[in-house]
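Presented below are the structures under discussion, each in the form of structure tokens.
Below are two complexes that have chain A in common, paired first with chain B and then with chain C.
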Partner chain A sequence: MDAIILQILNGLDKGSAYALIALGLTLIFGTLGVVNFAHGALFMLGSFCAVTLNRILNLSHEVAVPGETDFLGNPLMREVPYVYEWFGEATGAAIIDWSVPLAILLAIPVMGFIGLAMERGLIKHFYKRPHADQILVTFGLAIVLQEIIKYFYGANPIPTPAPEAFRGSFDFGLLLGFDANTILYPYWRLVYFGFTVFIVAAVFAFLQFTTFGMVVRAGMADRETVGILGINIDRRFTIVFAIAAIVAGLAGVMYTPIISPNYNMGMNFLVLSFVVVVVGGMGSLPGAVLAGFVLGILESFASMPQVLDLLPGLNQIVIYLVAIIILLTRPRGLMGRKGVMEE
Partner chain B sequence: MLGLTRKDFQLLLIVIGLTMFAPFLLNPFPETSALAQFNAGYPDLLQRFVIFSIFAIGFNILFGLTGYLSFGHAAFIGIGSYAGVWMMKLLTMNIIPAILVSILVAALVSLIIGYVSLRRSGIYFSILTLAFAQMCYALAYSVLTPITGGETGLQLRLNDPRILGESVTEAGNIPVPHLFGLETRDSLELALGNWVFTFNAGYYIAAVAMILAFYLAIRLFRSPFGIMLRAVKSNQQRMSYTGLNPKPYTLAAFVISGMYAGLAGGLMVAMDPLAGAERMLWTASGEVVLMTILGGAGTLIGPVLGAGVIKYFESIFSTINRTVLEGWFAFLPDGLENVVISMIYPFVGKGWHLTLGIMFMLVVIFLPGGLVEGGQRLGRLFRRRGKRDAAEGDPVKPAE
Partner chain C sequence: MTKGTLSRRGLLKAGAVTGAGLALPTIFTSPAAAFTNEPTGDSVTLGFNVPQSGPYADEGADQLRALELVAEHLNGGGDGGMMQTFSSQTLEGNGIMGKRVEFVTGDTATNTDRARASARSMIEKDGAVMITGGSSSGPAVAVQALCQDAGVIFMAGLTHANDTTGKDRRANGFRHFFNSYMSGAALAPILADQYGTDRKAYYLTADYNWGYTTEQAVQEATESKGWETVEKVLTPVGAGDFSSYITPVLQSGADTLVLVHYGGDMVNSLTNAVQFGLREAQANGRDFQIVVPLYSELMARGAGPNIKGIIGSQNWDWKLENQLGAKYTGTNAFVRSFGEKYGFPPSQAAHTVYCQVMLYADAVNRAGSFNPCAVVEALEGFEFDGLGNGPTLYRADDHQCFKDVVVVRGKENPENEFDLVEIIEVTPVEQVTYPHDHPQFAGGELGACNAGA
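Presenting the complex of A and B:
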């Protein structure tokens, strides 16, 4: 029992990332009808926002330490980050420590801008083109974004730690009445899960309870009619694209402590997220979120030693296997809407 | 001639000419000149040209004709390579059985994958093929290590049985792949003044295979079967209404393109007897899509052009490093030199993928028909200009 709970928990953090990326993909697909292969790159850009902020905060200059000299008699120089000087040592250290959560504030405008620029500059011209062209052009864009990041940040993963307060692990075992240390779960993954739930809830609430969201939902159902009613649906869809980019970016920001960001991390997530979207059902937002979590948990179950003894290598392929089975038995996906991408 | 129309036969002749004289044509710069690094006439690159051309020609039969965008085609090249290496481990170093078995195994696997994937179309088909390819990659990398060699890849060993050949040469080495005694790595060098031309046996074997593959592709494009495949692309529904079932046609196209990929994989092994899982990675699948699109999907010569251009740029761009750039721009004043170099540097050397991505985006945006369409547009432009000149020169002639 404890092993099962542990696997469910382990699946949650990956599942969260899948769910957030898949949510963005589905938003874009449902509104604009575009298959965005650059979405993984947006996730990657988000986590590099965190890296960048961390670097900016760590910018430092040399300051002489009063009253101390090195062995030659010169004043002792020490590297002091600027934030220490501006906010005092204690606050400065705390700001650097919390750079990852703070990066959310940086990522929202940056990713929003990138999203707008991408939609207006590139994707706009591809609405009428076949899906194959959309896949190809966004695939090209993903390569370009990836290479730009590689040029500036190098090819190696850049570790970016979570705040000190979240570094330990939470002992679920004690809480649920099992032995201590059987179900250890890092705090940051809990935070990530909570964050995902919050973002998903926020996106749903936004679509459900605001006028803007209502118009967007109407546009998803019947774009032409909404247009005839005199609403500029294109502009709203552009904003939706930006929101999807922000969601992917935030997913990336918060994921940095779990996996050190690397220029091609987005591609690995993208392939899986597409599978998630397809399993959840193209165009269905709840389906994307549900499938994200389900597949994340399934993946972690498949990597249990007991399962691997029985079926070696299952953890590597379980997601694809599920996708193939789902697509063949329930072509519309778990919760697919009728009439979306059906030939 | 050979069952081709005159125009197609001319195209075939051009391709034959280009491949046969490629070691000359791609070596235009003398060995001693500074431009020698733009030469592409060395065996390794030439082999890649023709092998990837075969891969792209096969992919084009599926994508160009039926419109089904497979994102997992590299799986077949990988599977073909593994099968080829196993033939060399078990049977003989002669490349004929290796290549034949590569094609057969790839055909078998593509039959299975195709049968399942083709039950869906559009983006679902792309995702399904991608999922299958990723599965093959993951399995080859982990569980199937006894068959595939896992991370290190599958290599020949001294203690392989090779029942029809010898497991060890007299000198105590692993034997090399050969075609009835002609070793694929054998080269004939011809020095003419400052030029050195290398004629590699392996290249010519692969080139003959490519010409055969190209000929088959022309026949296929012009056959009733090819027309059926185009019908699948333009309107499947209408095709079914006329009483034709599109499924067998698309499946056949899928298997044929899988066999082409298997042939490419087998040839890779024949040139260099090792196989690794990274050949099946989805970036490799993306690359062949790129080649086909860049050249022009659905055209005959397009995939060959695309494969050539991409492989050429890959090898040339990635060898240009900072020192080479400094050599080129040494004539500029220092400050300007640094500016120019720092502007070009991100696009070459290790950053060549950036150039590739930009090139790819530009082609998809502005030239959806690829290089072939670009050529046609240029041709039309010149012809129109020519016509206008003629019309001005002869005003008496009535307008049509």
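Presenting the complex of A and C:
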């Protein structure tokens, strides 16, 4: 039982990342009709916002350490971050320690700008082109973004830890009446799940309870009619693209303590996120979130040794297997709407 | 007026005459090459095939730095590096056999097809007489087979799977780097000494060839010391988040996790294991332990503080000579050359390719020929010293180097970003030597060397 609870928690955690990326993908597809293969790269760029802020906060000057030498026998120089000098060592260390949550403040404007620049500079020229063209251009853009990041940050993963306060594990076992240390779950992963729930709720509330959201939803349902009513729906859709980029970026920022960021991390999520979108139903926001969590949990269960002993290799195919079954039984996905991608 | 017509027979005759005419000058003027890409001018071209893109691009970049450095040293530039300490003193800084060393570079992208295509281009278009570099066993085995067929020498880079000098060994291929068996043999006694002889191990293994051979090697070696294997789980390469593989470990009855992962997978799986509290956990009444059979400095940097206290093995470490003395002479000379040129100490990936080029150059000088078969003969059974690993043998039976293996542990309090591991012991070569027909290496034959042309 404890193993099952742990895998459910793992699945919720994996599903959180899938759901956030798929949510952004669905927003873009539902509004602009664009299949954005650069969305994984936006997730990666978000995580590098955290890396960048961490590096900025760690900017240092060198101070010679008396009596010690480096590997070449030269006087050993120790780096002292400027924030230590500006705010004192204790406050400076705390600021660096909290660099990942603080990176949210950096990622929102940066990702919003990147989203706007992508949409206005490139994507808008492909609205009326076939989906194959959109996939090619956005995939190419993803590779360009990856290579830019690799040029500046290298190919090696870059450790970016969570704040010290969140580095331990929470003992779910004690809470549920099991022995101590049977169901340990890292605090930061719980934070990530909570953060996902908050972002998903915020996006839904924004679309559901604001005038802007109402117009966007109307535009998703019938773009032409909204345009005839004199509303500049294109401008709103551009803002939706920026919001989707921010959501992907924030998902990336908060993911950095879970996996050390590297330039290729977005690609690992991209394909799975597309499967999530298709399984959830093209254009369905609740479907994307639901499918994200369902597939995350199934993937986690398929990784259990007991399952792998019975069905070796299931962990590598389970998501695609489930996608095939769902699409055979429900061709529009779990919560797909009639008419989307069916013309 | 006549109308000109061209019959099929006429066309063939004309073509044959024209072809013969064009070929005539070269038939009489070009001597037949004795072997592939025989250098005829005053320079010789080497092919440096390293990952410049893909997950091991940083490791490839470090290899390229070392390869540029060794070319400089061979041509008489810089301080000469390990040329000064190498026991064989045939190299004088005047290139190889008096020919200036030039090189071309290629990108393996850590992809078998890309690595082969890149090596083929260097051989066929650039005239490379030797190929070296690489950071993964899949591409290494593929390029080794290609070099065998093409008739050039392959001096493998960082490749750790047994198969490179086991079932996939080739007469034209040589490996300086250590292998999975050696990691297991070096680690097992130290693990037994440090953690006890009755440990229960759980393996998370990368689902490809290197993972299988390393898992087998570590499992057999540790079981011979009394360890028990509780579970072995294959994990997909590039899984990203390994949490669903990590969480069952503590419930399995195991008290030791062996992470047979490399590169980004190692960084992520180790980070996940630490996040889930395995480092602080207790199992079977003792501290839970994590082992990473193959260490790399660049990966240790990626894993950050999570690497602290984790035991693993290395082919070489830049602190060897300082900590263990003159037996490992050459290390400081290389670190000084590399450090002064680039500003930081070299990785083991850089070291192994530097040694490979120097060994190749020396073999050519001793053989007095670039002919691959002469080079093979010169390298087979060659005993040398002064390249940083202590006394070393290039065994004739399988073209594998035999030398001491370094066992390291993630340092608790690193002084800088390069000081990530501490050497806890060096396992003597006798303990990691195996018969060439050992079951873990069975099924391969060197065959005959191929000079091509």
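Please note the rule applied: the second predicted complex is superposed on the first by the 326 of 343 C-alpha atoms of A that agree within 3 Å, B and C clash if a C-alpha of one lies under 4 Å from a C-alpha of the other, contacts with A are read in each partner's own complex, and residues count from 1 in each chain.
Note that in this section a contact is a pair of C-beta atoms (placed from the backbone, for glycine too) under 8 Å apart; a residue touches a chain by one contact, two chains touch by 3 or more.
What you are looking at is a predicted structure, and each value in this text was computed from that prediction instead of being measured.
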item	value
First, second, both or neither for A:Y151, with chain B first and chain C second	first
Which superposed partner A:Q316 touches (first chain B, second chain C, both, neither)	both
Partner chain(s) touched by A:R189 [first = chain B, second = chain C, both, neither]	second
First, second, both or neither for A:I324, with chain B first and chain C second	first
Greater residue coverage of chain A in the superposed arrangement, chain B or chain C	C
Contacts of A:L285 with chain B and chain C, given as first, second, both or neither	neither
Touching partner for A:L141 - first (chain B), second (chain C), both, neither	first
Touching partner for A:V275 - first (chain B), second (chain C), both, neither	first
Partner chain in contact with A:M44 - chain B first, chain C second, else both or neither	neither
Chain B versus chain C as contact partner of A:K14, first or second or both or neither	second
Overlap of chain C and chain B interfaces on chain A (superposed complexes)	147, 150, 312-313, 316
Residues of chain A touching chain B in the complex	35, 122, 125, 129, 131-133, 135-137, 139-144, 146-148, 150-151, 267, 271, 274-275, 278, 282, 312-313, 316-317, 319-321, 323-324, 327-328, 331, 341, 343
Chain A-touching residues of chain B, taken from the complex the two chains share	67, 69, 116, 119-124, 126-128, 130-132, 134-135, 138-139, 141-144, 236, 282-283, 286, 289, 293, 346, 351, 353-354, 356-358, 360-361, 364-365, 368
Residue ranges of chain A in contact with chain C within the complex	2-3, 6-7, 10-11, 13-14, 17, 68, 70-72, 76, 147, 150, 154-159, 161, 167-169, 181-182, 184-186, 188-189, 257-260, 262, 264-265, 268-269, 299-301, 303-305, 308, 312-313, 315-316
List of chain C residues in touch with chain A within their complex	53-58, 61, 207, 231, 233-236, 238, 240-241, 243-245, 247-248, 250-252, 264, 267-268, 271-272, 275-277, 281-282, 298-299, 301-306, 318-319, 335-336, 339-340, 345, 415-416, 418-419
